[in-house]
Structure formats: C-alpha cells, structure tokens
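Below you'll find the structures, each written out as structure tokens.
There are two complexes below, and they share chain A, which is joined by chain B in the first and by chain C in the second.
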Partner chain A sequence: MIEGQLLPELNEFTEPFHEFASRGELRIQKCESCGVLRMPPRPMCPACGSTSFVWQLMSGRGRVWSYVVAHPPLLPAYAELAPYVVAIVELEEDPLIRLCGNLVFDSTGPINEVQASDVTIAQEVTAVFPPADDGFVLPAWQITGATQPT
Partner chain B sequence: MSWNRVSVVGAGLIKMGELFDQSYEQMARGAFDAAIASVDHGMDPKDIDAVFVATQRGTLWGQEGIGGNTVPSALGLNGVACTRIENACPSGSDAFRVGCMAVASGLHDVVLVIGVEKMRDKSSEEGLLARAAGGHPVYTRGESAPVLFAPFATRHMHDFGTTKEMLASVAVKNHHNGKLDPYAHFQYEVTVEQVLNAPEVCSPLGLLDCCPQTDGAAAVLITTPERAADYTAKPVQVAGIGIATDHPYLHEKDNFVGMSATVGASSRAYEMANLGPTDMDMAEVHDCFTITEILDIEDLGFFEKGKGGIASLEGETALDGSIPINTSGGLLAKGHPIGATGIAQLTECWWQLREEAGDRQVKLRSGNALQHNVGGRGSGVSVVNILTIAE
Partner chain C sequence: MKDQTAVAGIGSTDFAKSLEPSERDLALEAISAAVDDAGLHPSEVDGMACYSMEATEEVDIARNMGFGDVTWFSKVPYGGGAGCGVVGQAAMAVAAGQCSVAVAWRSRKRGARSSRPWAGVSDRVSGDQQMWTRPYGLLRPVDEIAMLTRRYMHSYGATRDHLANVALAARRHANNNPAAVMADRTMTREDYMDSRMISEPLCLFDNCLETDGACAVVITSADRARTLRNPTVLIHAWAQSLPSQHQTMTNFFCEDPLRGPAWSCAKKLWSLSDAGPADVDVAQLYDAFSPLVLLSLEGYGFCERGDAGEFTDDGGIEVGGRLPVNTSGGGMSEAYLHGFNLITEAVKQVRGESTNQVEDVEFSLCTSGEGVPTGAILFRGER
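And now, the complex of A and B:
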C-alpha cells in the first residue's frame, strides 16, 4: 500500500477487475459472442460490437513486453519511492492483452526493490496482489522465471 | 503526377518560447501578420474566406466552448468561416489537411490555417500532469508523455541494439539546427555527453531526450493553383496528404518498435503524391522525444526498420546528410506548441522549398518535402503532408 497513491476512478466496467484482484484473481473481460479478450474494461467488444461479456480467469502468467524507470518529478506519493520500474506485461493467454504495473520480488515487497538491471525484455512474471489497507488492490508483477526468446 | 490542387502562398510563425507576455490571440496575430507579410505580391486579408484554427488543448487552456472564434475576431476577420480542429499532436497538420479539402472542393478560395497553443500559462501540475492523473480509469492513471514513449525506446534498444548515444545524437543534431533557426525556443548546442548526463526523466529517456513545453503560433495561407498566381510566382504545391489511426492505448498496439499510424499516413501520402521516401529533399518529423524521431524516420521509409539509430549517429539526418531531418530544430529545440507544431513544420518545409531557410538551407534535388506528426496517447493518430515545387 502506497500512502496517497493514485487510484483509478471506478465505474461499473472497471470495478469488477479490482474486486477480483482483491480476491487474488486476475480476470479479463471476454466477449460472450466472439470470445475476444479486451483490456481495459469497456462496455462493447471492439471486435464484434457485442455488449455481453464474462470475466475470464487468467493464469496470471506473462512476460515483460517493455519497461521504464520512473524518476522525479513525480506525484508526491511516488517521488520518495523513485527510481522504480514500471513494466508492461503481455499475458500468456493472449500476447495482445497487456497490463501495466510495478515489478516486485514478492507480493509484499516495495515497488522500488527491483532495479532496471534485474529486468529483461521477455522475462517471465506472475501477477501478485499486494495487500491494501482499504481493500483496493492494484495487481503487480513478481519476477519468477528466466527470459524466454521473443 | 502529384495531386497539386492546392497551393501554399504564404507562411510564417512567431518566435517560440515561454510567452507569458502574450495572450492566445496576440500569438495568433503575430503568426498571421508573418504569414501575410510573406506573400510575395501581397494579400488583402479580406481575400480570406475561411479559417481553420488548430489548438489541441483548447478545452484545458480556457478556449472551451468557443470553437476558435476568438481568432478571426482578433485578426480583423470577423464574419469569416471558422472551425477549430483538435486532433492530438497532429492538430496543426490535420487542420492543414482540412483546409486543403476546403480549397480543393471549391467550397473556399483562400484559407488561413493557423495553429495557436498556450502550454505554459498553467503549471505542469495543473496542466499536462493533471490530465495524466485523470486519464483512463484503469491503466493509464499517471501516464505522462515520457511514460508513453519510453517503453518504445526500451524495446527498440532491445530488438535492434539501439543505444543511448544514438538517441542522444538526435538531440545534438536538432539543437544544432535550432541554433540556426531564429524562431526556435532553444538556440544553443548540446553535446552527446550533456544529453547522456542529463537528469533521468523516465529511463531510458533523460531530460534532453524530451521536447520542452512551448508557447507558439504558426500560420499558412492556401488557395487554388489558379488563384495562387495572383499572390506569388513561387507557389509551393500540396502533393499528397495522409492520415491514419491506431489504438489509443499502449497495451493494444501490435508492436513497440514502430508506429503503424505513421506507416499508414505516409503510405497514403506517398501514393497520392506518386512519390516515395527517396524523392524527399528534407523532412520535418515528430521528435517529441529522441526515440520518436528514430521511429519516425524508419516508419516514413527513410531507413530500414531498426536502422534509424545508427543512421542518426552517422549523420545521415544532418543538414548535409542523405535526408536532412528537422532542419528547424524540431520539437526538441524549436519547441512543441501542440496545435502550432504541424503548421510551423509546414512553414519550415515551405521555406526550404523556396530556398529561404538561411543557414539551415538544404540542397534541393527533387523539390519535395515531407511534414509529419504523430500523437494521441502516444501514437493514436498520424498525419503526413507532402509539399512540392516540382512541375
């Protein structure tokens, strides 16, 4: 939990993502008509236009697609944690579904523990769900495995 | 044979910078006066029958609900047709595209396309960062411009061996050109070492890999080729125009080493102009960050994918290189007053094709120049305009 961190403004489509995350589940919107996964959550399937969907459980496994290191000036809640790594992760189930998040060595670890030198493109990572005082969970990515060929 | 149904007969801009002493309308007036003054045989402002205003942050900087109408009012053009174009970082180049459509269709005869942007009157905390903080509900909270482009740099370096020195060479070259441009925001040289040692912003991008926030305005005057003869014996023709879009969210793009919107926009413009990248004598491209210029010069077809970094390092994009890029100093040195940026780039192309670019003048071979913007959460839309003096 980061004191004063930016939290998403929730709506009926995004709130379930975080509710599932607070239960330790990574679920992604899946179109009930054509089966295409979509992220970020939104009312309508970009592939077929259907508005019916389910929240599909993901394995939580993914690979680092790219990453950056954040430096000040940053918002106050983040400035004292910098520099820290932010990664974009492609999911095992569909490499075109990419999520953005912090990298950690374990689910309770601080976001600035992982250095840029610890990260490589295509490194295997797993979704973790850091505990939060107010019950609001932003998934992070735990470094788990070797770097796979891209 | 190029399209050539619209002629550019005037162009001008104001000195870019932090213009706290000028209002939005004053900046517009400066650019308009410069464009009118550039018309070889003179132009009566009453000849203008439509204005397209490009301002990208109108809804943020106090122009909300006005639709650009303070501009003709402040220019003595009250009553004229006026529409504001807001299309991310290509707002200016898209306003030019729309102006060309208006002329080519016969709906309007003489059109002013003017870009005006106030970037500095509000602090970053109130302005761009506030917008970033209020981004998409889930995954783009806190997403500022460096955050959008730095992952491309990381990935390009990984896939092609692009180095930070190669990125730095873009900043060095553009600052060199900016020093030669009296309209540039920054008019000083930087060294590779200064770029590499600058404070980090969003690694691998440091401070001098980033363009500044700049106030500015630029204007061009366009008309039909027939009418152009009234204004100048040296008109520049519009050879081709292209626009293309891509998913606005980073995590939906199909790759991080190029921008498909740029590829789409340029291929359409080249096809319309019946020209290719090797026909261009110079180009003004969207270098909001050093990595962006490297992506651009590959996506526009000047260099093979993955070779843009080494080409920059080896001087291929310098004023005397095989394809001079950003002779004006680019966004990195001239500045990026968003709505004005594309029109300022077109002004540079116009000067270059008329051989009026002073110490920055490139050698003309084919008589064609390309202007490019990309933006919209990084790369959601791109516009390419090709100008020509070739018969």
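And now, the complex of A and C:
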C-alpha cells in the first residue's frame, strides 16, 4: 500500500475491474457478440460495434512487455519509494491485451522491492492482488518463471 | 491545396527559463513581430488558429492587435501534436476562402516547476490515458515515453549512445544559435552519460527544456505572399493523423505501439506531395524526448524500421550529415514551445535565415509530436 497513492476515478468500467481484483480475479472486458477482448474497457467494441460485453476471467499469467525505472522528481508519495519499476505486461491469453503494474516478489511487497537488475523483457509474471487505499485493489505482477525468448 | 498557400511572416519572443511578461503579452509580441515580418498591417488579419491548450484567447488577441473582422478561427488539440495542424488548418482555411490572412501562434510559460500539469494532479485520476497507468507510478510524460523506448531498444538494438546522438546534435546546433536557451552551454557525450536518470532508460538530457516564450506565423495565399517582402515559403503539403486504435501518450494498447502517429501521418503527407523523404533537405522533428526523433526518422521514411539509431551515428543528423535535424537546437536545446519553434526554424531554412543554414534548401519538413495525434508540414522554397 502506498500512502497518498493516485487512484482511478470510479465509473462503470473501473468499478467492476477493481471489484473483481478485490476477489483475486483478473477479468478483462470481452465483447459478447464477437468475443474480442479489449483494454482499456470502453462502451463499444471497435471490431463489431456491439455494446454488450462480459468480464472474462484471465489466468493471470503474462510476460513483461517493457518496463521503466522511475526516479524523482515525482509526486511525494511515489518519490519516497523511488527508484521503483513499473512494467507493461502482456497477457498469456492475448498478447495484445496489456496492463500496467508494479513488479513484486511477494504479493504484498512494496513497489520498490524488485530492482531493475531483477527484470528483463519477456520475464514471466503472475497477477497478485495487494490492497490499496479506500478499499481499492490494484493488481501487481509477481515474478515467477523464467524469461522466455520473444 | 498543394503550393497554394505560404508562410509570409514569422515572429518570436526571447526564449528563457523564465520570462516576466504574461502569456498574453508574449503572444502579442510574437504575433506583432510575425505580422511586421510579413509586411502586413494587423487590420488585414482575418483568420486565427492556435492550440486547444493555448492560454491566450482569440478575442483578447484580436482586440489588442487591432485585427479586422475575423472570419475564421479554430483550435487543434493534443498539445505537442497540434503545431503543424494549427498552421496546416489555417492554410486550408485560406485555400478554402474562409479568410485571407491567418495568424497561428503558441505562447507558453512552463519554466516554473509548479506549472507542470503532472505535478498538480488530484488523487483521483480519470480518462483512459491515465486511469490504467498513473496509480502504478507511471506519472509523467517521460515515464510513458520511456516505456516505449525500452521496448524499442529491446526490439531493434538501439542504445543510449543513439539517444545521446540526438541530444548532442540538438546541443551543437543550439551552440550556434544565439536565441537558444542553451546557446552557451556545451555538452559532451560524457556529460550525457553521467547525467542523472529520470525514467530509465531515459536520463535528464533525453528530455526537452521547460521554457517560456512565444512564436507566431502568418499564412496567406501563395499569390499574395509573392507580392510581399520575404522569400516565398510555400506550404507544399501537410497532414494530420490519429492512427487506428491509438491512445495518446500511453499508447500501449494497440497492436504495434512502436508504429505511432508518425507512420500514418507520413503516409498521408507523402501522398499529397510531389516529393518523398529522399527530397527533404532539412527536417525539424518534434523532440519532447530524444527517442521521438528516432521514431520519427523511421515513421517519415528516412530509414528502415529499427535503423534510426544507426542513422544518427557519425553526425548523421547534424548539419553536413545525412539529414540535418532540429537545426535551431529544437525543443531539447533552443526552447520548448510545444514544437512551434520547430515551425519557425523550418521556415527560416527555406528563407536561408537559419544560424545553422543548410545549403540550397528546397524541401523543409516539420513534424509535430510523435506519441500523440500529430501533424506534419512540408515547406517548399520557390525556385
């Protein structure tokens, strides 16, 4: 948990995503008509125009697509934890579905637990669900397996 | 509208880390200079175009400047992506007969730390651009571009030395431009490598400056421009683009995030032009961050995908190199005005007035922000 962490505004898309995350589930919006997954979630399917959708359960397994190591100047809450790694992770089910998140060794570890030297692109990771402020659960990515060639 | 319109005048204020006058006063100074430079009277101005992020207001500018009846005005969104669209749309309005003399301007005060938008966010973030990234500490534009940069380096073998080439080229050009904020500050490769990291793989010198200043241009018909005092700088072709499934700045969700707006904008630009990349004599490529120059070199077709790093080696983007880029010092070493000083420099290169003048310029390219919905203009000198 980060004291003073930025949190997403709650709306018809962020609320269910974070509600599922609080139950330990990574769910991604899926078009009910054509079955295409989309991220970020939004009202209309760009593939078929349908506005009906479901929240599809994912395995939570993915690979690091890219990452940065943030250094100050940063907002005070984040500056205290710098340097820290932020990654974009592509999901096993569909590599075009990518999520941003912090990397951890332990599911409740701090966001600066993983050093830059611990990460490589294509590193295998698994979604974990540490609690944040105000009842939010922001998925993080636990370093699990080996690095697979891209 | 090919070759039907022209930039007849340009104007700038001083550029500095911090300037005393307000954004309005800076805008009035730059617009006055541009109208004077064109040899026109403010009462002849009947069109106005600016960025949607512009803090000055059309009615305020028009009343102070003494413009006549303005019959066309418009704004273009997406910050650093707007510049070429602002000028291009003004040219389109002239070509369409909605106005006859348009001014386009950008006035910006960003030297003060407190003025940076990411520093003043509330603790609830909204919008798809931020909601899925900022809570995790991907807070600043530099973090968002660093994410693409790491992937680019991984995919194509580009190195920090290639990014340094971009920063060093800009600085060397600025060292020869008295108007540049970094005119007197030299930089070595060691300075670059030793500078502090901001968002790895990007260091301090991969970032543009934060400065105060204003620039303006006057656009009129090519026929009218030929009767005025300056060499005629034709707007040969221009384009805007927001590619399919693009998301501004946090462009991590489309099929190929490294194939940004530059590619689709270039495709439109070259389709409207008699020239191609090989005909371009000098280019001002939007440089809020050094990797955007690499991506733009590829997007606009100056080299193959993945080869931009090598393209910058051995002075490749300095005056005398394969393609001189950002010859005023650009956003990284002259001033950062959301790319509008790149437009005035592109015009100067056609007029033969740059402090880093490329010989015998016919085609001078200017691009706006890569990584956001963008635009580009190909200026042409009359032979």
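Assume the second predicted complex is superposed on the first by the 148 of 150 C-alpha atoms of A that agree within 3 Å, B and C clash if a C-alpha of one lies under 4 Å from a C-alpha of the other, contacts with A are read in each partner's own complex, and residues count from 1 in each chain.
Heads up, the rule we're going with is that a residue touches a chain if its C-beta (ideal position, glycine included) is under 8 Å from a C-beta of that chain, and two chains touch if they have at least 3 such contacts.
All figures in this text were calculated on a predicted structure; none of them were measured in a lab.
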item	value
Room on chain A for both chain B and chain C (clash or fit)	clash
First, second, both or neither for A:44, with chain B first and chain C second	neither
Contacts of A:102 with chain B and chain C, given as first, second, both or neither	second
Contacts of A:36 with chain B and chain C, given as first, second, both or neither	neither
Which of chain B and chain C A:70 touches, first, second, both or neither	both
Chain B and chain C contact sites that coincide on chain A, given as residue numbers	6-9, 11, 14, 39-40, 65-71, 73, 75, 78, 83, 86, 88, 96, 98-100, 116, 121, 150
For the chain A and chain C complex, residues of the former touching the latter	4-9, 11, 14, 39-40, 42, 46, 65-71, 73-75, 78, 81, 83-84, 86, 88, 96, 98-102, 111, 116, 121, 132, 136, 138, 150
Chain B partner contacts - residues on chain A that touch it in the complex	6-11, 14, 17, 39-41, 65-71, 73, 75, 78, 83, 86, 88, 96-100, 116, 120-121, 150
Touching residues on chain B, where the partner in the complex is chain A	124, 129, 133-134, 136-142, 146-147, 150-152, 154-155, 158-159, 199-205, 249-252, 254, 256
Residue numbers on chain C that touch chain A, as the complex places them	113, 118-119, 121, 123-126, 128, 131-140, 143, 146-148, 150-151, 154, 196-202, 245, 247, 250, 252-253, 255
